[in-house]
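Shown next, in structure tokens, is the structure this report addresses.
Chain IDs A, B, C, D, E and F follow the sequence of writing; residue 1 opens each chain.
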Amino acid sequence: MPFVTIQLTREGTTPAGSALTADEKAALIKGSSELLRDVLGKPLDSTFVVIEEVDTDNWGWGGLPVLEFRRRRAADGIAAPSTPAGG
Amino acid sequence: MPFVTIQLTREGTTPAGSALTADEKAALIKGSSELLRDVLGKPLDSTFVVIEEVDTDNWGWGGLPVLEFRRRRAADGIAAPSTPAGG
Amino acid sequence: MPFVTIQLTREGTTPAGSALTADEKAALIKGSSELLRDVLGKPLDSTFVVIEEVDTDNWGWGGLPVLEFRRRRAADGIAAPSTPAGG
Amino acid sequence: MPFVTIQLTREGTTPAGSALTADEKAALIKGSSELLRDVLGKPLDSTFVVIEEVDTDNWGWGGLPVLEFRRRRAADGIAAPSTPAGG
Amino acid sequence: MPFVTIQLTREGTTPAGSALTADEKAALIKGSSELLRDVLGKPLDSTFVVIEEVDTDNWGWGGLPVLEFRRRRAADGIAAPSTPAGG
Amino acid sequence: MPFVTIQLTREGTTPAGSALTADEKAALIKGSSELLRDVLGKPLDSTFVVIEEVDTDNWGWGGLPVLEFRRRRAADGIAAPSTPAGG
């Protein structure tokens, strides 16, 4: 009966995208439910998953709204976590 | 000072509805606040209730987005939890 | 498939009690599940309920740990929400 | 690595506003991240903040949707927490 | 910067166990972090995972505390979700 | 009526401590309540704060339990976020 919540910023994984696609959401649901089954033997039917997409204005990191935080990191030459697909 | 969170899919309880009505939300707020008062003696004024409606694409059950899960259950002849009003 | 979370301070409803009793927890579970059934037609089997008991040191109200907040309210002659059973 | 969640009603702080401004959100993110740094020594970069704005229909207080609760409080002459900026 | 929360009952996966083992927890953390990386390209370092173990008294299903719900299901001959490892 | 949740690992801020002190918790409660008052005009009495301390085994970062993640970071010479007071 596990309940999995995945919170992340509302963004696409490509420059053209502005949100997760239905396929990406389905893959997160499938993967996390199978994880609970494989590690703990929980039947797929007993797991709920909720994906919470949060506007980038509403997500803070490093004391800043996340887009501003990424801009500063990029300006400082700090890598991966600040890329669109990465943070 | 209890804090009650009710998470559920954003759907109507009738074929025409696409979300909870204001009356349904008010009934959930009233009922859960009264429950805390009746069981634990908490004054109504000390309870907060938040209703979180989640898009059906973002809710998973059985390793699938919930609408797909219900379709498969219905095809298999499994009942109540997969009806629109029921899941 | 609703998911109900009830957060409240870890306290008894009587002077002798230091936590909710199993019966009180069962009543909260029953009542909130029946509420979802009565208001929205959700089958009992499709609702999960989680009760989160929080140490009083870890719950704040009015900018203070809740026990301190109640003491000050009581000293000011402000009633119900600060009684042991009530806040 | 703290994770701070701020849940509040989706409302402006002025009669003209219907939601938090980007500046207000940035100030909440900055302030809560600095709080964790000042009290516990957590580096700013290790704190995430999420602001969850909840429609007023979906927020309950006193057994009522919050706007109705405030109207009744105002009618009863009870002050601050029922003002637009205050609840 | 995703944040994954896994809520489940505090139980072992074997008759002798009364809680998740450290290895099981590590496998959940690894698997969910890798899922976010594989599906959305999120770097491992940008994902936080929290596992919340909930006492069985505090988890409700079907309007009952979960252990009672499983007992009734087992008595009715309903299978998997009510097994110790499964619910 | 804001509700602030602060999730963090259960650890002390000094080598001798194994959890937050009551004073540190009170400072977090005071600071976050005052932040909501100063930025949004919310009265102190209308804000609830909950501090959720999570066992280090139950907190993941970088695909690993957080203590293991910090050990590897320290071995790699990566600084602040992996210090006891810092992550």
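What we mean here is this: contacts are C-beta pairs under 8 Å (C-beta built on N, C-alpha and C of every residue); 3 or more make two chains touch, one makes a residue touch a chain.
As the structure is a prediction and not an experimental result, all values here were calculated from the model.
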*Scan B-C, E-F or D-F for the interface that duplicates C-E, counting it as a duplicate when over half of the contact pairs agree by residue number.*
E-F
_Equivalent interface positions on subunit D and subunit F, same or different at half_ = same
*Could you tell me the distance, in whole angstrom, between the mean C-alpha positions of subunit A and subunit C?*
31
*Quick one: subunit A and subunit D, Cα centre-to-centre, how many Å?*
24
*Quick one: report the Å distance separating subunit B from subunit E, using the average Cα coordinate of each chain.*
21
*Two or more partner chains touched - positions in subunit D*: 1, 3-4, 7, 28, 32, 45, 48, 50, 59, 61
*Which of the chains are touching one another, listed as pairs?*
A-B, A-C, A-D, A-E, B-C, B-D, B-F, C-E, C-F, D-E, D-F, E-F
*Which residues, counting only subunit C, touch subunit E once they are in their complex?*
4, 22, 25-26, 28-30, 32-34, 44-45, 47-53
_Which stretch or stretches of subunit C touch subunit A in the complex?_
1, 3, 48, 50
_Which stretch or stretches of subunit B touch subunit A in the complex?_
7, 54, 57-65, 68
*Which of the residues in subunit D end up touching subunit F in this complex?*
1-9, 13, 20, 24, 27-28, 31-32, 35-36, 38-43, 45-46, 59, 61, 66, 80-81, 85-87
